[in-house]
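Multiple structures follow.
After this come two complexes, each holding chain A, first together with chain B and then together with chain C.
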Partner chain A sequence: MINLVYNEQLKLFRKKRLFVIILIVAFLVPIFTYAQYKQVKTTEERLGTTDWRTQLQQEIVDTQNRLSSSRLQEDIRQFLKVRLTQQQYYLDHNINPNAPGAPTFMRVFAENSIGLLLPLLVMVIAADLVSSEASGGTIKLLLTRPVKRWKILLSKYIALLLSISFIVLCVAILTYGISGLVFGYGGWSMPMLTGFTSKGEELITTGVHLIPHWEYILMEFGLVWFVCFVVGTLTFMLSVLLRSTAAVMGIMLAALISGVILTNMVSSWHSAKYLFMVNLQLTNYVNGLKPPIEGMTLGFSIAVLLIWALAALIISFFTFTKRDVY
Partner chain B sequence: MSQVPALKVTDLRKTIAGKEIIKGLSFELYPGEVFGFLGPNGAGKTTTIRMLVGLIRPSSGSIFISGKNVQTEFTAAMKHLGCIVENPELYPYLTGWENLEHFARMDPSIPRKRLDEVIDLVGLKLRIHDRVGTYSLGMRQRLGIAQALLGNPQLLILDEPTNGLDPAGIREMREFIRFLAEKEGLSVLVSSHLLSEIQLLCDRVAIISKGQIIRIDTVSSLLEEQERVEWKAEPVDVAKQLLAEETDVKLGDNGILITPHVEGKIADWNKKLVDRGVKVKEMKAKLPALEDLFLELTGGEHID
Partner chain C sequence: MKKRIITIITACSILSAALCLIGLGWVMKDQLIGTKNTKVTTQPAQEVPHPAHQQIHIAAFGDSLTRGTGDPEGKGYIGYLMQELKKKTKKPITLSNSAIKGQTSSQLVKQLAEPEIRRQIKNATIILLTIGGNDLFQGGKAISHLDPTFMKRSEKTYLANVKKIYSTIRSLNQSATVFHIGLYNPFIDMEKSKLTSTIVRQWNFDSANTAADYKKIVYVPTFDLFELNVNDYLFNDKFHPNAAGYKLIGERVAALITFSEEGKR
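Up next, the complex of A and B:
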């Protein structure tokens, strides 16, 4: 089995797919870094570079004033207390909340690329994993070895999971390494707000608490990996079913982009929440952004994605082992 | 023969979309034998071969490779098989060596030194570390055979092995296949739609048409039966009578007399006819003989 996975990795490596993907990321990260840098500069100009401490001080006073008001609802009070702790931390540790370090950039990059960019990159790897063997005719040599068909498919799938992990890891390293040149490498222990839940139209803040930044980033990259795994598995299934890599890419591309569009307009179409492509923005749950459709939670989205991936795997293995190869 | 046949096919059938494509094939291959699979395009040669190598599941019937059932003991059966189905499609972005390594890795029982052996055998030593994308068709064909031989198979299945090769390449391939059968004791199944190919290469041949085997026989007996001479002579009665004294004569259409082709006797027969005052207008040896037989058996179905 290790030999088979090694073979698949060798082919992936020699097709230079991984290399191209890393190159794309390495090219995009400096662009985003520059954009972020410009944004920070603009904010600084507006507020004045030296003034952020005073500004933060002012915010803390505001929060304290609101807290002392007696008519405050209990959950808002809770939220404000947590927020106050965060602001106090920034001040005590001399952190400018508007001037992010490399970890913040990593986090923002992950949040923005989870819905489209990273799934697209994963798709490029997964799309021709099986279909290229079919269209190139090499599948005939592969399947006439003394190796069972399911083992061959499994080796390809494992190679895919390894590549996905590699891509996610590379994104993390590249974003940190490159943006750190500009923003500095600090900020791992900055406290972050999390634990938002939504009920109906409301955002419930009772569960909100602080966690260190590194834990927050780890969580988000975990979600990024999970989304990539699901998209990879779905692409893998299409790659088994279709001979043409272009068709696989086309279908996946349409699905992913329609997901982005749908997320913005499906709030009243409730059954759309069972589509995998509107569930990809997992990091929004951690951020406390309102989900696209009422009733969607982190657990729900993960369950939906898991079911899609599982179904795709079953279909892939079933058709691959049973199918006649022409 | 008492040995285990390298390949034993019994009542093999395949139905695709309600249409029976392969209608009950049965045949056996013995060690050291080159077996030809001859039929026009679309007769079911490739479908049959794909069933033999486990790419297509037969609708019914059984296939045994060296006594192992392809459907129930797939891995064991495949250990005894090397094959090229249609063109030898290898990974163009890997070198020849990497391609062989890739396939060797899939079967842990293949020792590393086997790679050098097969490369020597097919004579690819000089270019083995070049990318396959830069190979000529002949070299790819040889690399294809190298990968088929990796597992030291008892049965080699080659689908149209000379397709796309130039005349020199075809002769080389033919000699190589004969060498494998005679010196290495492999059984080789070769499919082709080229009669001349099969005639030169094979010991036995199965003629297949519309999914059925019409005839299985040794090439020599098929040819003996079919090689003949056509005579056009006047008067026909006398000529027939005279020839009948020497050999079998049949009266064909348009007063043509047909006799077997016996090397060295034709001139004598002709002299005899001429001596008795028969005017011999035309003598024609019918060659290649397999082609006639083929047309006869398949009822004039087109081959190319």
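Up next, the complex of A and C:
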């Protein structure tokens, strides 16, 4: 088994996919860092102060002004209201949610890339894991070996999980290393608030508690990994089912992007919450933003994603072991 | 060589997977099972020393007028006021504008209870205020049925709120000059203008009387600015000032501010 996994790792390594993905991240992070840096500088200039409390107060007032305009969609209004109450809570407890520093950047990057960017990167690896062997014909050589089929597929799957973990690790290291050059490397122990829940436009703060920043980040990266695992598994299934890598990529791309679009407009279509792509923004439950559909919770989303992943695994193993290869 | 790289990568991956699983488990424990209800303690406020003498800090509160609604450039009277002030002084000026569109006097009383707002008042050298417009006109609703007893009642609550606002500001900051910008009558060109003007004048008069009870609270009249050619100074909605209207208000306040600063020296 170990040799099989090693063999798959070697194939992945030879294809240089991991290398390309790391290069993409290494190229994107400086851009985001610069954008963030510019934003900080502009707010400082506009308000003439570096005091975060004044800046947060100004954000609150801006939101209040948006809320007072009558032509606002109901779901956006609720979203803003919840965020506003949360910002006020941070301010009242004198905790800065956006203290500059590389850990904050890591956290913001994770929160913003969990829905689309990281799933896309994972998809690039997972898409041709099986389908390329099918279209290239090498699958026959692989299957003529005296090894059970499910073992071969399992070794591929383990190699995929390892690569996903590696990508998440690289993202963490790269965001920390690069953004730290600009924002500084400190800020691991500052307090963060978590445990907000929302109901309608009310923010419920009974479960709110303080946790150190490093714990918060570890939690978010755990969720990032979980999302990548689910997306990877789904792509893996498609890769087993379809011979063409392009088709696998196309389907996954469409699903992921439609997820981003759907989250902006499904607030009244309740059964949409069983689709996997609306559940990808898991970090929102940790930082207390309003979920796209009323009634979604962290437990619910994780369960939905897990069911999708399990179904995908069963389908892939079933078809791969039963299929005729010619 | 290749073998070693792959082993290293695999080891890193396993390590990362373990870490992420710990994180995932932690989330579940933290968010789903609930925690030993640790109370959130307020962090001690470390006061940022404020160089009050080197710079002028303006804190603005109130309604859409302070926000600048109606000015296409969004500057509002504060924007023009800042322009004028920058000509007059070389000191750096900072501004915090906490005005909210549609805010009434009772909402402002609530806003002044927020700790951050209180801190801003404490640090301010100049405080600007527009309030009352929404109490009086209620988005134009009140003007369609001018009921004198109703008007009297809303004025009474308004005046009580203004008193609270003034005392709150004064108790937090004794030295800052407060400029309360008065009401004008946007309906002066319409029917029943006599009646509406009487009401606005009455509100202005009573507010100015209240302001006179406090030190360094100046009630700045704007009624006269808009009395003639009101339509040249109003925005499309016939309620908020346009750029020209804001400019008039800004210049008027700017003139007062230089005067009070020279008086300090």
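Here, the second predicted complex is superposed on the first by the 273 of 326 C-alpha atoms of A that agree within 3 Å, B and C clash if a C-alpha of one lies under 4 Å from a C-alpha of the other, contacts with A are read in each partner's own complex, and residues count from 1 in each chain.
Just so it is clear, a residue touches a chain if its C-beta (ideal position, glycine included) is under 8 Å from a C-beta of that chain, and two chains touch if they have at least 3 such contacts.
This is a predicted model, so every value here is computed, not measured.
By the touch criterion defined above, A:T233 lies against neither chain B nor chain C after alignment on the C-alpha atoms of chain A. Ranking chain B and chain C by residues of chain A touched puts C first.
Once the two complexes are overlaid on the shared chain, A:Y6 sits against chain B and chain C alike. Using the contact criterion defined above for the overlaid structures, shared-chain residue A:K15 touches chain B, although it does not reach chain C. In the superposition on chain A, A:Q281 makes contact with neither chain B nor chain C. Contacts of A:L162 after superposition: chain C is touched, whereas chain B is not reached. Residues 6, 10 of chain A touch chain B in one complex and chain C in the other.
Of all the residues in chain B, the ones that touch chain A in their complex are 50, 53-57, 74-76, 78-79, 81, 83, 85-87, 89-94, 98, 102-103, 105-108, 147, 151. Every residue of chain A that touches chain C in the complex is listed here, in rising order: 5-6, 9-10, 13, 18, 47-49, 51, 53-54, 56-58, 61, 64-65, 68-69, 88, 91-95, 161-163, 165-166, 168-169, 172, 191, 193-195, 207-211, 215, 218-226, 285-286, 298-299, 302. Taken together, the chain A residues at the contact with chain B in this complex read 3-4, 6-7, 10-11, 14-15, 136-138, 140-148, 322, 324-326.
Against chain A, in their complex, chain C makes its touches with residues 2, 5-6, 9-10, 12-17, 19-28, 30-32, 34-35, 37-38, 40-45, 48, 67, 92-103, 114-117, 119-120.
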